[in-house]
Amino acid sequence: MAGTVREVVDALPLVDHHCHGAVTADLGPARFEALLTEGAAWPGVSPFDSPVGVAVRRHCAPLLDLERHAPAAAYLARRAELGWQEVNRRFLRAAHVETFCVDTGYAPHPVTSPAGLAAAAGADAREVVRLESVAEAVARRGVDAAGYASAFRAAAEEAVRRPGVVAVKSVAAYRTGFGLDPARPTYAEVTRAAGLWFARGGRLTDPVLVRHLLWTAVALELPLQLHAGFGDSDLRLHQADPALLTDWLRLTAGTVPVLLLHCWPYQRQAAYLATVFEHVHLDVGLALHYVGPGRAGAVLAEAMEITPFRKLLYSSDAYGVAEFHHLGALSFRRGLAGVLQERVDADELSHTDAVRIAAWTGRDNARRLYGLPVSDPGHD
Amino acid sequence: MAGTVREVVDALPLVDHHCHGAVTADLGPARFEALLTEGAAWPGVSPFDSPVGVAVRRHCAPLLDLERHAPAAAYLARRAELGWQEVNRRFLRAAHVETFCVDTGYAPHPVTSPAGLAAAAGADAREVVRLESVAEAVARRGVDAAGYASAFRAAAEEAVRRPGVVAVKSVAAYRTGFGLDPARPTYAEVTRAAGLWFARGGRLTDPVLVRHLLWTAVALELPLQLHAGFGDSDLRLHQADPALLTDWLRLTAGTVPVLLLHCWPYQRQAAYLATVFEHVHLDVGLALHYVGPGRAGAVLAEAMEITPFRKLLYSSDAYGVAEFHHLGALSFRRGLAGVLQERVDADELSHTDAVRIAAWTGRDNARRLYGLPVSDPGHD
Amino acid sequence: MAGTVREVVDALPLVDHHCHGAVTADLGPARFEALLTEGAAWPGVSPFDSPVGVAVRRHCAPLLDLERHAPAAAYLARRAELGWQEVNRRFLRAAHVETFCVDTGYAPHPVTSPAGLAAAAGADAREVVRLESVAEAVARRGVDAAGYASAFRAAAEEAVRRPGVVAVKSVAAYRTGFGLDPARPTYAEVTRAAGLWFARGGRLTDPVLVRHLLWTAVALELPLQLHAGFGDSDLRLHQADPALLTDWLRLTAGTVPVLLLHCWPYQRQAAYLATVFEHVHLDVGLALHYVGPGRAGAVLAEAMEITPFRKLLYSSDAYGVAEFHHLGALSFRRGLAGVLQERVDADELSHTDAVRIAAWTGRDNARRLYGLPVSDPGHD
């Protein structure tokens, strides 16, 4: 508890409650640059010419033994020289995370398993089951429409019984957006929709089945992570405004914890929901490394305007390049410490409270929600 | 006019143009904590662990003779020891408000009347008539559907003739949201909707009747306060975006002043409306004490980006605990002074202009709109 | 490259990629004040009592040989005394713009032609063709419904062949909002809609014809400027949220550059689109002078949170009073330099990168997109 808020936050091991694996292969420049953006690599424009690219050159280069602000070409060359194992190891350890909760349902590249991530990081890892992947596997392996509801439920129950699973996740925001009928669909509705889906094929995008997935999630009695706000070009951003989910949140009050992920630019809307609904929590993951450490405090300050201190968590939402596991943590630490120190300096907050809030946000809220082991007693 | 902007703003008596009464009973810890949140008290999580809770411990504790940042338990004990009369008196006087405009239509607890609030504060008080309460009283006392429109109009006219009434208010944002048909409904539509409402019972939520209420409000020729944005869990936040009201505002141009209350997180949308429609005004009440004095400036700065200086007002929207009447005023003063002083320091604004803008925002705009008496000539 | 970021930015000639002409007549106080607002002049309230009014008194008064923060009356008197030619000349030169791209399709007042603006400014000017004006001219000159599609296409092609035309523009956001069917309408749909329009008369507001206009724009193979967000009272702000355009942007990927203009308060939504779609770019014009130099940095900082550095441009969107051509440039320079210098000071960004980003944003991105001549090699 001694030291500035920044020193305390820098020393705090985090729980990264939502991330993905790091690629387990050497990446040529084009593949690395594609992973650096939520868009894609565009001819003639370097993905390094962006806030996240600048942040990588500033904060990741030194971990590869380069100067701060090293040129992109030097960065890519040195990364290749070190090889993916060493690169992953350096960034994952630098993140200083005690537990990664890993969404294993999205992996277009070969990436580390939770165990592989844990080993490289010298940390613990748990698993988050992406329910759309479970549903799509059920559809792929063949089931008749009338059997879909129970087959999906059984598959989801089986998936969450795997050792280390601590939560489920849905990307309903991508598939239909949050402006859906909040009611639990009937068995007949689900069967009819499943029939149409199986005939059509492809991803689960039917609104009835997305609703059914969300209600099935509730029945699993694990924390439910929901993508909200910022993502890639597959999204309609305005339909991922979590305020659109209000009626469903009202119906599910008293059930499982709901974790709104990312949320940017709707962090204030998410904060409102976390303030009025007991089961709602939020983070501003993904946005943190995209805006970089220089701007993370501004985004966090909005997320923290009214949010009760037990409701905000840390995640990186890093995928693919281990730079992001590190940069997410760094942006979070700098941003959070900045916001809290400023309030301490203005005597709006006591130093003791600031330290408690930092530990809750960076670690203890996640420990409690996911039932993670407590080596250090924390502030609960 | 001498002194820093902060000194000037601290010395300025405010008009709190929208608030509620303070509870006239001693509050046990659970009831106090429930009043502290826009949500409800949640088991195992103290409402003090929130920005507003921290602000109460920082800024209200000293008024109860405690140390800054006093622990929650000590705060509750001292509050009980002093008793509600003394607590209300201290906070209401500390707010340094010359006139409270009190919404008397929402009072699930026993709270001060406008006169009681005025007496405790050593201030003046006026009344704001909540039209939904008037309409629901008309429905409760029994009227046939065909007589509803004229009975409601007559009851509203009678209500606003009471001494001290300066405005009417609607919570249409809660009942239907602002995305409603802007047109004035016909008599036949109102009668049909009233028949359905009387058969169904409960609160006024029918979209035709909500529209009718808004148009009846216009006919009363008093300023109309509209809840917008931030509120409790009964709201769908995105439907309370005041931009959704644009067509209705266009139709009512040239009629009564419209006061958009709260607005957060849509303060920029409200600012746009206040910039392009002569009759539209706004405040960021309620949000100010929820975010606390450390963040009020950031919210006000957004609200003030383009808003003409005669269009922004102060309200606390305090309900129940007199801490909020004080904390709203304090957050407003600190936030406003901070925004204005920063511009003066950057030579973007003259000190004379800053003082004038402060007086308009904190007092004179409300005096003019509500026809309040002017003891000090102000800057009009 | 030597000097502070601010010195570099102050010395940089800008490309103002979207503006209008300046009035070519002396303006009495009432007409000047009406041009100062996006609303209209309101009796009893001076348009100078607003952020933009304060900024004019602070930053434009000295260019008319007055003191900083000169009173409004003195400002108006001195402006009248100098006459419109001298006033335009002073402000347009002070803007230090190398090229103005002028929207010639909106001119309720007598305003400078692009050539006249260029001459007064000692700069270059290009033209932006407003497609709604082209379509409405086609309708006015008489064409049968079956011939509308080809007549509009031919007129648009002819318009963009005029010397100096570098882009087209649409105000679809005003006419229908962006929540329209993204699909290209069929010939039969267009013909039917044109028949209804010709029978009804008035402005082009039919959703089928607005869609047809946007798709015709794509076929012209020039950059397409789209009004988004902030404007006058003719707008429904929430329908001008550029995120609503996502499906159309997905369909038009790989075609013409799309430039989202203004965007406030949806600059983060626009930034998301520019981050995930290769052809999308943005600016925060119009908002910059309305918020003034003291707040422009805050708006730009949001616009720059995730936006790739090749995707942000400068425009003033000045119309009517040449104060805005100057104030837009000044607000942009101060805001941008502030954001970049802060990051350099925090060692989040190298000075070299900051200078490169400034030149891209203020000039080089526009040069490249519009094919403007390069006297100074810039940073491409």
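Chains here go by letter, A, B and C, matching the order in which they are written, and residues are numbered from 1 within each.
As a convention for this text, a residue touches a chain if its C-beta (ideal position, glycine included) is under 8 Å from a C-beta of that chain, and two chains touch if they have at least 3 such contacts.
Because the structure is predicted, anything quoted here is derived from the model rather than measured.
Matching CA atoms, the turn from chain A to chain B amounts to 120°, rounded to the nearest 5. Under half of the residue numbers at the interface between copies chain A and chain C are found on both sides, making the touching surfaces mostly different. Each chain gets one centre point, the mean of its Cα atoms, and the points for chain A and chain C are 37 Å apart.
Looking at chain C, no residue sits in touch with two or more other chains. Against chain A, the residues of chain C that register as touching in their complex are 241, 243-244, 246-247, 250, 268-269, 272-273, 275-278, 301, 304-310, 342-343, 346-350, 352-353.
Within the complex formed with chain B, the chain C residues making contact are 37-40, 42, 45, 47, 49-52, 54-55, 58, 68-69, 230, 232-233, 235-238, 264-265, 287, 290-295, 298-299.
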